[in-house]
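Scroll down for the structure; my scribbles are underneath it.
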Amino acid sequence: MNALLHADGVTIKFGGLVAVNNVSFDIRPKEIIGLIGPNGAGKTTLFSMLVGLYRPTSGQIHFDGQRIDGKRPHLIARRGMTKTFQNTALFPEMSLLENVTTAALMRHKLGPARELAEQCLDKVGLLGVAHEDVDDLTFPQRALGEVARALATEPRILLLDEVMAALTPLEMDSVIATLKALRDKEDLTLIVVEHHMRAIMRLSERLLVLNFGSLIADGTPQDVASNPDVIAAYLGGSHAQHT
Amino acid sequence: MKRSLLLILILAVAALALGQMLDPRGYNVRVLCLVLLAASLGQCWNIVGGLANQISLGHAAFFGIGAYTSTVLQTLGGITPWIGMPVGMLFAMTAALLLSLPTMRLKGPYFALATLAFGEACRILATAFPGITGGPQGISVPFVGNSWAMMQFRGAGNYVYLFTGLFVVVSVVFACLSHGRMGYLMRAVRENEEAAEVAGVNTLKVKLMGSLISAALTAATGTLFAQFTFFFDPESVFSASGISIRAALIAIVGGVGTLAGPIIGALIVVPLEELLSTYLSSKAAGIAPFTFGLILIAIVLLRPRGLITLFRNRRPSGART
Amino acid sequence: MTALLQTLTDGLLIGGVYGVIAVGLSLVFGVLKIVNFAQAEFLMIGMYVAWFCWSYLGLDPIFGAFVALAAGFLIGAACQRLLVQHVIHAPPVAQIFLTVGLLAVLENGALMLFGSEFRSVQTPYQTAALEIGQLFISMPYLIAFVAAVTISLGLWLVLAHTWIGRAIRATSQNAQAARLFGIDTRVIYAIAFGLGTGLTAFGGGIILSYSAVSPTAGTQFVVLMFTVVVLGGLGSVLGALVGGLIVGVIQSLSTLVMPIQLQNLALFVVFITFLAFRPQGLLGKGAR
């Protein structure tokens, strides 16, 4: 199979709550996948499982042909998959550059790591504020800073969790262009969680839709937009929950 | 890094100079030695508590292991503490490794609890084998007079070299860990473990390294303590309040996570202790730890959120180089 | 076989008391979400209060224990209101060192006030024992156990059937919701803390008939208390009581296979094991 990322029946339960329910999908190299769904649908939880922060209760995750479910996050990062955090999780008492350098240290010594960090910041347009303390950055800057930090691990799959949350439409367009360029030039595969429909529709080639932890649609933006289950999920139709 | 090494050099020279100027058998030299010892202990704790934010309340375990190992090897086999010390350090590292297996994933108070219990367990072990350790009565370092080979001297004067050396070693290690590659990794682990993991940092390995290094150096401090005081018992070297908490206190008072913090802390804590016991000798028992308990409470109350920023506010010296 | 039964019985009797000593810790954690490192010092305070009641008033330690309960409650509530309240929302580091500082203050305060010598009581039943077949049930143990059971029932009644008890349970489940219902959580925190320390102090009083008191009496129980509570589940009152029984039995049984000084070592192994593999204990709610 030429899927870079293969999820098979991935399920996770917290006590009695099933947060992600029997989710299966394949992701091919250089795809840009949008992951959407109402709040609480399990998107961030799914991301957490993909990078190793949680171990699925059942099911398997394969990355580049090798099983990774349950492995520790730094090992998965080493293999080439990492994520950004929804409300940003930059290291508070470091500067932006130091944050990104830390991630670059995974594969490089200190000198080259710092250079790589500067390059990553440049790619997202933050080189100018590299030496600022994280506390002094705006929220959009922090979100992009996380992207830069994630890029510094030189990933093959990048999971982006609402990095465009606080952007103006113009800024959003710019980020979308940046992400597409990254995908084109860096052999990157992206899975993006966003709530802005316009952004996600423009960015994604394919959409995965989660509702109550289950995958209810998997297709092109056009197909998904006209899918009755998806419409019901967002508009709360009298549709029964899928199991 | 260069600034840190310079600072260490200055402190070392100051200590040695002071040692030369003071009467080698006098009281003040003794205080100087105690300050250096306390600063070293605090610096050892600083490595895990300050750099990695692992609040340990069980450092007494490693301290006692160091003290007992080198002393028992002397009493049973006549082996010089210069060999006994590295053996003690090895034992302490093993103990730290064993302890970290079940506790590495514990957070905050639970980790602290586990370390506290571990210190207690070591104390129990020491009292339970009187044949080897002398039991609750304690154990004495065999007195041979002035001898560099056996690491002991009559007057406190020569100990200044020893303790200054210890402090320099521990501080240099601290500086190495807070700069460069290790510095980045430790700070990341301290500030957000989850994010660090996802960013490729092997957080368990980083924490373990800090723990092993700290344990080994604490054991070395224990050995030197034994050689200085000649007599000790399980109550004193495995004491939670006398060693473990005191180590944390010294680092915190002076500025946690900073290179100079422990020496500042020691310069405050040790003379205060001596003062309290000299002037209040009738009620001496307990007045010092009582006061320090109050100081600890005061520090926490004055800056409860600030205790963390006290932890983080001063970046490990020169971390930006 | 009789030896086994004897140790088992002794273990259960002592364990019941351990449960009461430790239940306060669980209560404090359950309601305030704080690990109180100074909890064991209230045991020592309770012992001294009961001792002074015996020494100056001729009160049997069991009755003195009730005085200790009141004293422990008042001192604890005061500590909470004046000190602990300020770190309720602070990082764990601050909470750890505040209660650790309190530990040092209380222990050494006692040392300065009372000196380091051991004090004990003499009661008429101190050496008496009940004989059931081959079993010797020591009177002090039995009486302490009965007192422990009584106060546990009292606690259960308070928590289950009084308004205060319900307020405490509500606050421990969801402090914000409790506030919305008009419960002044700051008062509840002080009461719950005081109740916890009071119970531990009561435990000190009832063990006085077979344990001597000194300023370090508390620290000897620290690991034990935490083992009980981690075993039973931090935050679970029933868990603490059950954990106490189990710990008492483990401690007692371990004397059959190892020298008495090492009996707490067995506890330590249990403690670490549970912390590592089942931090929520047998009955508790989230412990991480």
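Order of writing sets the labels: A, B and C. Residues in every chain begin at 1.
Throughout what follows, a contact is a pair of C-beta atoms (placed from the backbone, for glycine too) under 8 Å apart; a residue touches a chain by one contact, two chains touch by 3 or more.
Not measured: the values here are computed from a predicted model.
Note: the chain lying farthest from subunit A is C, by mean C-alpha position. A summary of chain positions shows that the Cα centroid lying nearest the centre of all protein Cα atoms is that of chain B. One finds 44 Å separating the Cα centroids of subunit A and subunit B. Between the Cα centres of subunit A and subunit C there is a gap of 48 Å. The mean-CA centres of subunit B and subunit C are about 32 angstrom from one another, to the nearest whole unit.
Contacts with at least two other chains are made by no residue of subunit C.
Those residues of subunit A lying in contact with subunit B across their complex are 51-53, 72-74, 77-78, 82-83, 85, 89-95, 98, 101-103, 105-107, 109-110, 149-150, 152-153.
Residue ranges of subunit B in contact with subunit C, taken from their complex: 53, 55, 57, 101-103, 105-110, 112-114, 116-118, 120-121, 124-125, 127-128, 240-241, 245, 248, 252, 283, 285-290, 292-297, 299-301, 304-305, 307-308, 311.
Contact residues on subunit C toward subunit B in their complex (touch as defined above): 35, 37, 83, 86-87, 90-98, 100-109, 111-112, 115-116, 215, 219, 222-223, 226-227, 230, 259, 261-262, 264-265, 268, 271-273, 275-277, 279, 287-288.
Put simply, subunit B touches subunit A in their complex at residues 180-181, 184-185, 187-188, 191-192, 194-204, 312-313, 315, 320.
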